[in-house]
């Protein structure tokens, strides 16, 4: 009897696994025709749901089609909730998926609609779904794009420490200048507090320049001029950092072949012979 | 009799061809004196017609010279229509010309005036004629400029995938931030919808900063500060991409050494052997 | 008797030195556990005191917690004053420390609170304390960051003359354009004086563009357009300067090969012989 | 008699030449102590005269010191007029000097004050004198700065064709977009004419963004978003151009030494031996 039960269990487990595997292939992979179609439908749904949310935020459209858009929003959210559930079901290690980048995005993409039942307005945050569209790179087999994206990420990763040092210097500067401007201009000219002064300093140093807060006194304008020229000059620093890294990364991509005669490196992609000894590559 | 007709036909065709060839040389080429003069007159006409349209849009000038400018506009449009017809007539494959870059521009340059009969205001779109002036590079035999332009286009073409990836990242970011700001600031502070929030995010991230919509709440200003610093930092990315490509393209241009064995070009400055056939340089 | 006194003196001096050395290790170094803890507490205190000053500047917070924040501010200032005194006491050459970068920052970080007794408002300038946080790099043993910071400083130092020449050109241009705009636009359109015109020129050329002063006449807008395109183009210059230097500095960092004859570093990737002693690499 | 007159003439001519030469050395050169002092006094006078003009433009200062500043302005102008006359007198080829860069600047620096007798207000244009301060580089013997400036000018000169092509592309784009926005937004939203639309397009594409004219319609804001992202992306182009040229120019400055053994180039500034064959440099 016990043996019979064990066999039944194993069968069930096996059947379960088979069913899981098929679902996994459908949902997670894009190699099969069905999996490819699933991903395509998913991406189109995401696009439509983002557009739904956007249209719903426009007052004149909401007044007319509000009910329809609300229904559509719930339709997409329930669809994505089922999909999220299936993903959890068919994946081997659900916790690993749930804590991965895409797992968190998938969860964040459905939560806002439910939250909106308690906190009206949060449903608009479902636009985070837009990040789910990143899967399109896999669906359309855009490997070249993935390569380029990886090169950019490599360059940014390599330069992250320099950029952190740079950001620290920028933050220290905007705090100092924001405080000085608060002392100089005072609350009468819109600099109502140091945080507001820092906000002004960021608006100015990044050359955005809304003009909602701007210095009125001569001393304030003189200091602002200094901050602007400094901001104008130091934008050169992150640009220089990233450019140097991208140049290096681009060059490295090219120069990985080594001559087996003289061991020289640095050959172009189209090179057939070593440029130093003439041996065939 | 049939023979006689055939000869007549061939003669006619020949004559036609001759007449076509002469016209083709006049209109499409700039090697002969007449062709050069034709192009020059064309470019001056284009310049004058663009200025006509611009002046016509200034209310104070239109009030005084409106009729004269209207006549001038029609004069140029009819002139360019005749020219477009002649181009179609004398070119070997009219469809190929009509669907080429210059063919489309030539058509778009005359359409708006006719369209304005039905949709007043569209005549101002004739300024697209300005692109026809690109022919000036051929007229003035500015081959060096063409070379430089080609180098720039090559660099932009080589970096198009990286820039597409970058643009996708920027668009995803402005959608997310525009939506969050819509939720935070609300319609009272000018963020009347998500598309308007996205517009604000683009205005901010590109450091344009009109100030027509700007955050008023503390939380909104804090997020805006983050968006600005991010926009300030990521402008480094396209700059880095294009700079790396231009540097590569410029370097390639430098190596004017030619292999005397296989006539290959594009050798590095430190190359001792041809990278294609292995012969010493 | 004299001998006895000398011994006493030497002992005292010795004891004094010992006490000083222990204090020096505690305050100035971060190698020991106690020194590390001291620096950590110091940095947290600085952070808290900067936040105190910021909160104190917000009217709504000041109205409620004004007294408490005022007390906290004085608490931190007295703390830092004692610390400054101890630093002067235990350091070998007090004058050298007092005139060093960190010595001046340490002094400037406590002065504003005392000055505020005579000139209300200046206490907000204590935010200069934020620069004291630079010590965090030593505390957290962020040597890699120090290396990156040094590379950036080296690049900026190497390009300082080019940037000075560039700044001189920019300053000359904003003076000229500011004056011309003052003549064109006049006081009616916000250009009330040449300095104000120069302020406008800086706001425009650095692409900040507040919009608090903007040209209204046709001629003024035409000139402004020219200034903008020029500003847009010349931002390329500092970027190019810094990028070139960072690229050079990064490349130099790469060549980790060491000559086994003279131990010299900094060889190029394609070097076959040491550039200092001529030995083969 | 004739002989005597000839001698007298020659003597006079010789005396004249001698007097001229001394004056030339004083005014045009900075090698002698007197010449150096002359240049220094000149630069200080220029600086003071520019400050005079600036102060004179501030209404509150003009009301009090107007007469004094007016006198000072004329004093400096007469001084510079005398100086200009002396320069013409003592220079070998007056026409060559008068048509040179500095000759034109020297003339433009004195004309506005005289013109102001007929056209009040033009006296403020005397700030062009600021360019005369460029002579300071010679006076302070700032040869290194001259070298750096030359490197920058070389890089800009080498990239002028690419920048011209780029500027043509930018101008064509702002004309097209300015016209389209004029058609879309119309006169009600500040786009009163095509030239005004072009002004808006320049303000936007260069990321200045005053906000004095900004799109109000949905379609206009969508197009503006496109223009902004494009402007944000294409700023990469001039930066890339100039960076590539500066990198090349910097590299060339370094690599002028040639190994006399193997004729290899590309040695670092601190290299003592050829990095390819090991021979001493």
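Structural remarks
The chains carry the letters A, B, C and D, assigned in the order they are written, with residues numbered from 1 in each.
In this section, contacts are C-beta pairs under 8 Å (C-beta built on N, C-alpha and C of every residue); 3 or more make two chains touch, one makes a residue touch a chain.
No experiment lies behind these values; they were computed from the predicted model shown.
By number of C-beta pairs in contact, A-C leads when A-D and A-C are compared. Mostly differing positions are employed by chain A and chain B in their mutual contact, as under half of the interface residue numbers are shared between these two copies. Copies chain B and chain D of the same sequence differ by a rotation of 90 degrees once their CA atoms are superposed, given in steps of 5.
Computed from the mean C-alpha positions, the centre of chain A lies at a distance of 32 Å from the centre of chain C.
If each chain is reduced to the centroid of its CA atoms, chain A and chain D end up 44 Å from each other. Each of residues 195, 207-211, 235, 239, 241, 243, 245, 247, 266 in chain A touches at least two other chains. Chain contact topology: the protein chains form a complete graph, every chain touching every other one.
Across the complex, chain B meets chain C through its residues 207-211, 239, 243, 270.
Of all residues in chain C, those touching chain D in their complex are 161-162, 164-166, 172, 175-176, 179-180, 182-183, 187, 192-195, 197, 204, 207-211, 214, 218, 221-222, 224-225, 228-229, 231-233, 235-237, 239-241, 243-245, 247-248, 266-268, 270-280. The touching residues of chain D, when paired with chain C in their complex, are 50, 53-54, 57-59, 121-122, 124-125, 127-128, 130-131, 133, 144-145, 148-149, 151-152, 155-156, 163, 167, 170, 195-196, 198-199, 202-203, 205-212, 235, 238-239, 241-247, 250, 266-268, 270-280.
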